[in-house]
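Going in written order, the chains are labelled A, B, C and D, and every chain counts its residues from 1.
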Amino acid sequence: MKLEVSAKIVYEVISPSTLILNVQPLKSAGQFLVEECMDLNSQLKMTELFAVTGEKRFKIIEIPDTGSLVINYHAVVETEVRAVAADYLDDIPISVMPVSALSYLNPSRYCQSDKLYKFAFHKFGHIDHAFYKVMAIRDWIYANVEYSGGYTNAQTSAFDTITEQIGVCRDFAHLGVALCRALTIPARYYTGYAYQLQPADFHACFEAYIGGYWIIVDATKLVPLNGLVKIATGVDATDTAFASVFGNLQFVSLDVAANLIDAEFRYIDQYTAEQGYAYI
Amino acid sequence: MKLEVSAKIVYEVISPSTLILNVQPLKSAGQFLVEECMDLNSQLKMTELFAVTGEKRFKIIEIPDTGSLVINYHAVVETEVRAVAADYLDDIPISVMPVSALSYLNPSRYCQSDKLYKFAFHKFGHIDHAFYKVMAIRDWIYANVEYSGGYTNAQTSAFDTITEQIGVCRDFAHLGVALCRALTIPARYYTGYAYQLQPADFHACFEAYIGGYWIIVDATKLVPLNGLVKIATGVDATDTAFASVFGNLQFVSLDVAANLIDAEFRYIDQYTAEQGYAYI
Amino acid sequence: MKLEVSAKIVYEVISPSTLILNVQPLKSAGQFLVEECMDLNSQLKMTELFAVTGEKRFKIIEIPDTGSLVINYHAVVETEVRAVAADYLDDIPISVMPVSALSYLNPSRYCQSDKLYKFAFHKFGHIDHAFYKVMAIRDWIYANVEYSGGYTNAQTSAFDTITEQIGVCRDFAHLGVALCRALTIPARYYTGYAYQLQPADFHACFEAYIGGYWIIVDATKLVPLNGLVKIATGVDATDTAFASVFGNLQFVSLDVAANLIDAEFRYIDQYTAEQGYAYI
Amino acid sequence: MKLEVSAKIVYEVISPSTLILNVQPLKSAGQFLVEECMDLNSQLKMTELFAVTGEKRFKIIEIPDTGSLVINYHAVVETEVRAVAADYLDDIPISVMPVSALSYLNPSRYCQSDKLYKFAFHKFGHIDHAFYKVMAIRDWIYANVEYSGGYTNAQTSAFDTITEQIGVCRDFAHLGVALCRALTIPARYYTGYAYQLQPADFHACFEAYIGGYWIIVDATKLVPLNGLVKIATGVDATDTAFASVFGNLQFVSLDVAANLIDAEFRYIDQYTAEQGYAYI
């Protein structure tokens, strides 16, 4: 499937600053980058970096002068979401997990899995197989947490959301990640573009490591899974923020878009468990 | 029913201190004080005070000299637990609640009801009548929180316990209080002596204001309700601690006892809802 | 000094609700109520209640019908701020404090003094006399916490503000209360109208119990102390909110005003310690 | 310098479990492994893994049978602590930091640097050069936080310690890491063996990325810097725990030792800033 994604970000530069920008789709097995272009309204030094883990690439931009900074990013991406029959997703013992998955069992700033052991065990411990545990986590979050902006902020964490039960995609994803980790299922935070997201914005969901695959899970059930374009995965929102500012930039506006270029779109919805398939 | 209660408290006095001691049974409609005696191993100035709300009485002890401080308290109390048929416990609108009950709708240090609204509404909002809501809260806590010492400490609050799901009577009571308040049911923390508590100690449970009565609720289900001797009620553990130390007293030991003087004891257990009765 | 205060509050009533309104100046030794009037745009049942502690009076309003609710409150108050020479403010030992002051040593929802002991002792423990400790607390907050809206919310507590160091009058007051209590100085939260507050709104500051008086302290240093009109004091923002809604009222607007009726106004600023006076 | 380190760990195995053991000294530029040996009291499957970042190596042990599990680890390590003159430690702009350092600017589970910006800026923002900022952080922690066991637990974080001001080496290290990150200085948690640590145990301190080096900092000032043997560095205690248990192992005992094999030992103390040197 071919998608065109774009982000326009405007800042007012108050003093010389450095900006780390994390808006470019990842180049991976499931994503092929057809073209991309990043335009700035002034000529600035940009460096592209790649995370050691291979889970994100980002640009560091040096901004020596004050004034308005306008960033226009645009890319065309070919994505392929693959279905895996749940029956093939065997539970993987700790002792044969790769190092890259093991590190995603640790609690993190916004996903305090160490405080959720009993809750997770009480609620999901009886369910056979990691895959069905994760589907139950997704459904519990969807059923119990109200999707609503304005209540949570940048400091809200999974430990808050599990009781406060209101939030946005970031909060849904943090809670999903934390509950998986509490059940010894490696899980990581996912950010990307999302086709059909209303209102248009960056989206967040999560991936759980099951049967040797990182399967994609979206507890908000807001968008089709095959309309996602991955920007990055990481421990939580801390290392996947679309922009990290060092200095003094005043945020002015953000416009995100994700449009289909292909003529046809076969919607793959969120109810994968019922259909017996996971998506990766 | 007649009970003999006692507490022996030993401190090592490191420097001149003041001690507020809150171990004396309350004199109330349901409790008649037959006799009491507080002995100290040295002659110290003691003042007895009464809370404005009438919910506790306590002693302030001035300790000018270092050395060992041994406090022996002993009382004989006649208590009467009354049963009220649940059918008589009408829900009381906010607009006719007395001021003394209204103040127990507020969140407090260990009972952050303001953060539990959605959880409480999702879990108990559909239940008709405040009394059955409170019984469901008690049963949910009993079913989900593990009674175990050593995991929680003096800073553990209801917001922790609702997710960490482990604790002692103090934690069970705080969570019960917080959930009631989140549902607009006034609730207060209760401390007292408890017949048949193993191991012997002070006990904590809570009272909910329903149908014009403060009914007693114990989510630990550890002791018979009619074996309780009330010391105090208050917002939470903050204003009902058995001892508050100002200065430098090193805690050495605490021995608490509650014994039946009456020959017979008809056990009133915790399963009052099933029987259609509340106890006050 | 004579002040005219008013508050206009507008709600959209979504479903039958009950509103507790706490906007009326307290009748006390330092405040004489010349006249007051509360007008509603529809005839509703209102009950006036008085806190047991004498620290607030409030109205309970029953709202059976949906639609717009407009509340207009207006009062004329004669206030008298008295100066007490700091030299007369002796430290009061715990053992002779009245019960009403003792209860203000406890931690509360937003003032977790139990977690601030070491900080308070390190920073202010060396200062002689409770009065100068409190002045140092006020000055430390003023110097270290940035006054700015939009960063904190209804769940922000003193334990957050002491490190996050940004907030509004509510946060300044909570931190002041918490630090006093951590030093065994009774302290309570104060809400009121404030002459010359820009932009006009309800104001929050705190009172510390020193030398037998509740002295007024404002760590924001935004307004003259003698332009304050007390509405209520309490443990913290939990029991002094201007409005508590039970039901479904949508907040529309709030307009607060405090104007001088007297011709002359002798400004009493915040720098009372330097001048050797406390204000009560 | 040559050191002999050892750890004896005993568990009672309640049910089949998996253990991740992180007690082996890292092989790095400053550490040469002369010999090592891990003995178990029964023949178990062990796998050695290496973190992608190169910052730790650890063993995964499968334990199929119940009973007593005794792990004896022993190693001889040649370490070299190098001094770098502080004058050579230039501040490094974000735009030229390596990816491996950038990731250590993010907040983590126990190091919530995102909540410490204002505190860090107020306290240390005026100090020139990252190196002297870090020395001031170390000295502030040493001066303000009391080293004492029993008050903190596995959930205590930097945000707690900054106000509660009491803790153990783990808490000192978390606070140091969090304050550095809040000042845009990459910092990571360090665990290791420590010569002359009383009582003997694993030790924790931290490393700050300054002038292109990871310099070692110990805010407890308990041990000589050149007596440290590094086991691992990581985001915080979450990914450097000496043991992570999956299953049901009951901890019985831990004995740690670190002894000098070399005849002579030139003590390098903690007061490096005064001497104008950093140690790496």
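Everything below uses one rule, namely that a contact is a pair of C-beta atoms (placed from the backbone, for glycine too) under 8 Å apart; a residue touches a chain by one contact, two chains touch by 3 or more.
As the structure is a computational prediction, the values presented were derived from the model and not from experiment.
**Q** Which contact partners do chain B and chain C have in common?
**A** Touching chain B as well as chain C, we find no chain at all.
**Q** Quick one: how far do you have to rotate chain C to sit on chain D, C-alpha fit, nearest 5 degrees?
**A** Rotation angle between the two copies comes out at 180 degrees.
**Q** If you list every residue number at the chain A and chain B contact, are more than half found on both copies (same) or fewer than half (different)?
**A** The interface of chain A with chain B is built from mostly shared positions.
**Q** Chain A to chain B: how many Å between their CA centres?
**A** Taking the mean C-alpha position of each chain, the two centres sit 46 Å apart.
**Q** Taking each chain's centre as its mean C-alpha position, how far apart are chain B and chain D in Å?
**A** Centre-to-centre distance between chain B and chain D: 44 Å.
**Q** Of all residues in chain B, which are in touch with two or more distinct other chains?
**A** 115
**Q** Looking at which chains touch, is this a line, ring, star, complete or other?
**A** ring
**Q** All pairs of touching chains?
**A** A-B, A-D, B-C, C-D
**Q** Along chain C, where are the residues that touch chain D in the complex?
**A** 115-116, 118-119, 122, 144, 146, 159-160, 162-166
**Q** Under the definition above, what is the set of chain A residues touching chain D in their complex?
**A** 18, 20, 45, 47, 49-53, 60, 62, 93-95, 99-100, 102-103, 105-109, 112, 114-115, 154-155, 184, 235, 238-239, 244, 246
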